[in-house]
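Order of writing sets the chain letters: A, B and C. Residues in each chain are counted from 1.
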Amino acid sequence: MQRMSYLESFGKWSTGLLLAGPLIVLALVVHLFGGEVLQRILTVLFINLSMVLGLQIFMGNSGVVSFAPIGFMGIGAYASALFSMSPQAKAMALRNLYSWLVPIQVPFVVAVIIGGLMAALVAALVGYPLMRLSGAAAVIATFALLIIVHTVLINWSEVTNGPRTLFGLEAYTTLWVSAATGILFLLLALWFKETPLGLQLRASREDEAAAASVGINIVWVRWVAFVLAAFVTGVAGALWAHFITSFSPLAFYLPQTFLIISMAIIGGSASVSGAVVGAVAVTAIFEGVRGVENAINISAVFPFTVSGLTEVCLSIAMILILIMRPSGILGSRELRL
Amino acid sequence: MNVLQEVLQFIINALSLGGLYALMALGLVIVYGILRLVNFAYGELVMVAGYTLLMLGAGPIPWLIVAVISVGMAVLTSLLLERVAFRPVRQASATTMLITSFAVSALLQNAAILFVSPRAKAVVTPSFFTENFQVGNLLISKGNLASLVVSLLLLGLLTLFLRRTLLGIALRAAADDFVMTRLVGIRANQVIATAFAISGFLAGVVALFWIGRLGSVGPFVGSTPVLVAFVAAVVGGMESLTGAVIGGYLLGTLTVGLQLVLPQSLLDYRQAFVFAIVLLVLLFRPQGLVRGRAVTERV
Amino acid sequence: MLSVEDVHAGYGAIIALRGVSLHVNTGELVALVGANGAGKSTLMATIAGVLRPFRGQITFEGRSLLGLSPEEIVRQGIALVPEGRRIFPSLTVAENLRLGAATRRDPAGVQRDIEEMCTRFPILGKRFHQPGGTLSGGEQQQLAIARALMSRPRLLMMDEPSLGLSPILVDEVFAMITQLHASGVTVLLVEQNVERTLDIADRVYLLNTGRVECEGTPEQLRQQVDIVGAYLGDTQERS
């Protein structure tokens, strides 16, 4: 028995090794030999990975589809920007910022954590009542939440510069910052799945009524996952903000939602391995097709600019997966030794 | 007299916008009732009709014929999507169907970006959309009046169809109990295709007036109609066609009303308010104003 | 008329029928009895085309029903009165009846039959324009039977028509079945009310955990087995 459980726990940890190992090697290789373009792509890959892991923590374990994450990403991005920007930069970019916020500036890491916490706080406040909903109702509710956050970001010009671009952030997010965060969240997601709470959440995914009948407080376990996921997503948003350095609220809406949901669906949202595979595959498709798109546009084969090709390919891939393998490439299986 | 005028103006505007909203909501709910599919791609049917208007509108064909063709294109697209994308996932979970429709929506939007243009283009619309006529001191927009009349007419026709024809009755029966409907001999594919055809038809008609109001069509022209349909359907009750109509008129009235009473600074947040209402309805009255068969799933 | 041979069927990994064979001759009233979970409803669902059997053959009037959808099987002349009645609650009684005749192409005949149903089941005439959901249990059962008859079936399958009804209504339902049978309708009846069923059936099959345990006339069955014993026999095995 004892032996079995060692083996068992090694099996579980081997998933982390199998997933993180190649990613670390990849980051190392690109760091040493890759050019700037590859490094940027990989940085984006790890940010995407954090995003989709956030989705996996909630949606993958609970089975409830959430359209809210991009809203939390936006909150994380703006909140961290407000705390990381220098007073001078703020004076330039945010003319109408509340005066008490202008002088506050904290180290990058602290600002990122504040971004995650702000997202988690909003999720905690509005999330609890929403956790009663499942199925179509949950989708529409989280969709409504996304729209509300988006509308507020666009109109709260004191802190977001309104619909205009916010600029002047420092590019703190390097490849290693984003890789370390992505791998940290990878281990977090694997760990969370196996905690008693994660197990209860997965039980409720299989059968709500049965889970409730053995005393699982479904609303509570979902809420914890929702808040944790919002933190992860908020941190990812903060990293993205300090990678791209200038952005507007338009960056946090349906196209991005589509992108990360496609990662979760293509890889298989029920497992962490699926999330990793999805993030890698979609980022690869996305960057690959975009490369083709750019090449076409630069060579001016057509008299007009080609855009949208990437998303067209991605949505076709997603529809095919949904028809042929609705649980994604990996389904609910984790990679194991 | 002045007050009376404003009241009349308000009623006409509210009924006109509400009628359009009711049609949008109906198109969404008629499919949801049978398949449990929340069809995100519904807005793109409006877009397809809009692009047909754009392409044929500038030519020599009379507008009315162009309009008929546009509605036809929306119907065809709806049927095609059912056959190609939704039928293969019909047996899968509601979540899978919903995400499929989300992907289809993204596909159509980006296909429009790719093959037409990322930017909105001006559509030639008949002049009556922007013309007004005067009754006493009252200035009435012909476009508004037309959408008011057409939506009432369509609601009437749809009611007749659903109550008087076998297919219509079967459609209502399928929303009650789909398997039993098959057990009395109604063909599943026929009922579902009919629902999608009606959905496409309503989207097409909505497009005529919606794009008439906007004066342009772009890849994202369908997002507002689909959001409006969501809101109206949730508020009125996803399970009930009557609820969808009531929700539509209610939302139309609310929109016109808020425009009148809210100061500009808050008006920008209007969308946030409307969706906050959606959240509240989902939480406290998940079945909507009109209770249908089953209450929305919740723990 | 109907013949079922070695049918295996179930839901996913749960196997409910393990090689059931039976037949129904024209004009007969054949009853299926057995404990809860014996597979009676599964068999009905399989014949009606809602479930696909893993193995076996089902033929009706010489034609195979395998692979046909429920809507096609109705067109072969088989109608089902399902367990739990399943009338359409938001449709009026009139609309429920009209849908029952969905497969027919003779509007005048349909109209005549609707009138006849209202004579045969007077309560349906009284509630003609009321939504089905507002009817009482017994009224809904009558509506479910009338709806099935509207397709003019050559074989009528009834799944637990007396379930959940008050004793007086149970009497009525059994009287109704006898009357239908007397008027020439072939009936395949699933019932838990074994004693009453044996009184009216021509032949009986006793199902037990997915197999036919024995078959015969009611008299033979009464002699062969202790019905009550078999009925309660192995509920512990699967429930």
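Here, a contact is a pair of C-beta atoms (placed from the backbone, for glycine too) under 8 Å apart; a residue touches a chain by one contact, two chains touch by 3 or more.
Note that the structure is predicted; figures quoted are calculated from it, not measured.
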Neighbouring chains shared between subunit A and subunit B, ordered by label: none
Longest centre-to-centre distance from subunit B, chain (CA-based): C
Chain whose Cα mean lies nearest the overall Cα mean: B
Rounded Å distance, subunit A centre to subunit B centre (Cα mean): 32
Subunit B-subunit C separation of Cα centroids, rounded to whole Å: 42
Cα-centroid distance, subunit A relative to subunit C, in whole angstrom: 54
Contacting residues of subunit C [partner subunit B, same complex]: 48, 50, 69-71, 74-75, 80, 82, 86, 88-91, 95, 98-100, 102-103, 147, 151
Touching residues on subunit B, where the partner in the complex is subunit C: 166, 169-170, 172-173, 175-177, 179-188, 292-293
Residues on subunit A engaged by subunit B in the complex (per definition of touch): 63, 65, 129-137, 139-141, 143-145, 147-148, 151-152, 154-155, 208, 212, 218-219, 254-255, 258, 261-262, 265, 304, 306-312, 314-316, 318-319, 322-323, 326
Contact set on subunit B toward subunit A in their complex: 32, 36, 38, 85, 88-89, 92-96, 98-100, 102-104, 106-107, 109-114, 117-118, 219, 223, 227, 230, 234, 238, 268-269, 271-272, 275-276, 278-279, 282-283, 286, 296-299
